[in-house]
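You will see two complexes here that share chain A, one where it goes with chain B and one where it goes with chain C.
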Partner chain A sequence: MSATTTVNVKIPTPLRNFSQGRDLVPANGATVREVIDDLEKSCRGIRERVCEADGKIRSYVRVFVNDEDIRFLKAAETPVKAGDTVTILPAIAGGR
Partner chain B sequence: MATFKEYIRQVKGQIREVTPDDVARRVQPSNGGGAPVVIDVREKDEYAQGFVPGATWIPRGFLEPKIEEAVPDKNREIVLYCAGGTRSALAAKALGDLGYANVVSMSGGFGKWKELGLPFAMPKILDERQTARYSRHVLIPEVGERGQLKLLDSKVLLIGAGGLGSPAAFYLAAAGVGRLGIVDSDVVDESNLQRQILHRTSGVGMPKTDSARQTLRDLNPSIDIVPFQTRLTKDNALDIVRAFDVVVDGCDNFSTRFLVNDACVFLKKPNVYGSIFRFEGQMTIFVPGEGPCYRCLYPEPTPAELAPSCQDAGCLGVLPGVIGILQATEAIKRLIGAGTSMAGRLLTYDALSLSFREYKIRRDPSCPVCGDSPTITKLVEYEESCATAPPRQ
Partner chain C sequence: MIVKVPRDLWARIRRQLETGYPYEQCGILVGRTLGADVEVEAIREARNLVVDRKADRYEIDPHDQLIAERDLAVDGRAVVGYYHSHPDHPARPSETDAKFAWPRTIYVIVSIEKGVAKAATAWVLRESEQRFDEVSLDVEKTE
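Right, the complex of A and B next:
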């Protein structure tokens, strides 16, 4: 278990009420799925906003490891390494 | 010391001349890659009166500094012409001195060409007022007179005359984009004025399209403003979008975003996307056939209860200024064909940390609208997703 791998998770503005307003939250895990599970411990409620019940990333939320969309890697099973930035990027529609 | 006449005679002895009839035969489109490069070396006022179709215009005074960019291959055949064949003879000698091995001068020049009844084209050039107004564009090689003419000939559709549409419209109008369409069904409200800089306190209560037109007319009276005082719907979107070259999406709800995207995919129009939330913005350009579309990024709208709009979320007034201007920048680049496209890159901006980030975005082969087997083949509308419900805790 590589729970010692620590990454920074970039929390988007619409979800910062789950992170006590923080924009960058450290989390542990060897894959994106593990990172999000760990993130849930410090940001209770965020997982449900990012993932379906089965752990799949919701269709209106994108997750990037550094600058790569994990859908084009191994989705939630995409491995991460220490120091990576995991960005959660939900769709936003505002323009006015 | 030789007189000018003697000098010209000497020069003509050192160069090769061809007749206008020869040139006309050689530049036939059927001649394809074998056709020579034809360069018009006359001054602007002469060029304005007509030119040999397909010719590149480089005034004599700029020929040496510009020729290597215009014709990098020194063995390429070049035909030079002026009004009567004298300046082009001198120019041919100069290019010979620069190492161009295959240069000819057209004897009799454009005067003879016209006299023989050969076809000629009328150039599009900036008039005196346009030259003055857009001089700072014309001075940049990446824009130049050619780029400015493209802008003047371009049609951009703005979806929304709000936070994003305001700064975008301002700069597109200032840049001389020939026609600006503006889609907005709303009227100006006092609470808009904190960020929607197209509108004025005196315009509160006025349709935004009217208010926008008034402001933009004042800025640049020579461009055409086409107001569409309506919401974009599945019934009108294709007809509205069809008449424009580039769309700048500054709407405020998911349903319209998907409509704009799908219409642009169906009509193959570049869609310059921007969206904002509180103090965070995103922008990119979706170019059908060249990169992903909005649905490749987000296949479906966010459920209404999870999608607070700007209205309930609030928005730092200057934020749409930054994103809207980036959208205008990308639209202008696209129109003049300059720079590196944002296609395939999503830019995010966080005003609080004043930081930009870029993410790679890709065309999704399973995209429901631009993928390999699309499931969405006509426009659809979604339930209004600007819910007022606060985000769930």
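Right, the complex of A and C next:
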């Protein structure tokens, strides 16, 4: 049953206030979108920091499934398998 | 808060930023939070993804962040912040820096004048106002 697929989500330092300081949080789902929806249950408030209201990943957040940037896959609809690592990263940019 | 950077790592950062002049260079700081202070224990030089304005803009390649998370942020260490250069510009955060900044993250800025590092500062975001507070940067007291 794909909806019960369990993955590990790596939480970046700036968002660990939502995960009670944990860097790795298990979550269920068959796609990145479902995983983040499930993550919200244990990390209340994180979804709004990662996703737009329509579920798209925010422009200043990067998400990888294992070593793949999901912008080059199916974005939030990218499928995940049991045991995958979903890494959330802050986009780091700026300049003088 | 004091951000402590061992001298050997600081030398690597400085060499990268000076060598890359006149373009903005960037990288990742990995270490530990000890009380109010942060000790940097490893760095990863990162690719600047900006192509058209790389003299005054930077965006860290997320693949470098992924590798830093996977290979360096282990054994109790975490990605604690980032560094970047300001070529021929003061070591103070710009409006662009503040606009894209994240909380609970250290931003080290190094001014590079004519190819030589002149000043370095460290900053953390005051989240409610999306502006920075300066914190102490110590590159001398740890080896």
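By our rule, the second predicted complex is superposed on the first by the 90 of 96 C-alpha atoms of A that agree within 3 Å, B and C clash if a C-alpha of one lies under 4 Å from a C-alpha of the other, contacts with A are read in each partner's own complex, and residues count from 1 in each chain.
Note that a residue touches a chain if its C-beta (ideal position, glycine included) is under 8 Å from a C-beta of that chain, and two chains touch if they have at least 3 such contacts.
Please read these numbers as outputs of a predicted model, since none were measured by experiment.
Novice: With both complexes overlaid on chain A, does A:73 touch chain B (first), chain C (second), both or neither?
Specialist: neither
Novice: Return first, second, both or neither, reflecting whether A:23 touches chain B, chain C, both chains, or no partner chain.
Specialist: After superposing on A, A:23 lies in contact with both chain B and chain C.
Novice: Could you look at A:59 and tell me whether it touches chain B, chain C, both or neither (first, second, both, neither)?
Specialist: A:59: touches chain B, not chain C.
Novice: Please work out whether A:45 is in contact with chain B alone, chain C alone, both, or neither, and reply first, second, both or neither.
Specialist: Touch partner of A:45: chain B, not chain C.
Novice: Would you please give the residues of chain A that touch chain B in one complex and also touch chain C in the other complex?
Specialist: 12-14, 17, 23, 60, 62, 64, 67, 69, 87, 89-96
Novice: Which of the residues in chain A come into contact with chain B in the complex?
Specialist: 12-14, 17, 23, 45, 49, 59-60, 62, 64, 67-69, 71-72, 87, 89-96
Novice: In their shared complex, at which residues does chain C touch chain A?
Specialist: Going by the criterion above, the answer is residues 24, 26, 50, 53, 56-60, 62-63, 65-66, 69, 73, 78-80, 82, 84, 86-87, 89, 93-94, 96-97, 99-105, 107.
Novice: In their shared complex, at which residues does chain B touch chain A?
Specialist: Chain B residues touching chain A: 159-160, 162-165, 186, 192, 196, 249-254, 257, 274-280, 282, 297-303, 306-311, 313, 315, 320, 346, 348, 350, 352-353, 357-362, 364, 385-386, 391-393.
Novice: What residues on chain A touch chain C, complex-wise?
Specialist: Of all residues in chain A, those touching chain C are 10, 12-14, 16-17, 23, 60, 62, 64, 67, 69, 87, 89-96.
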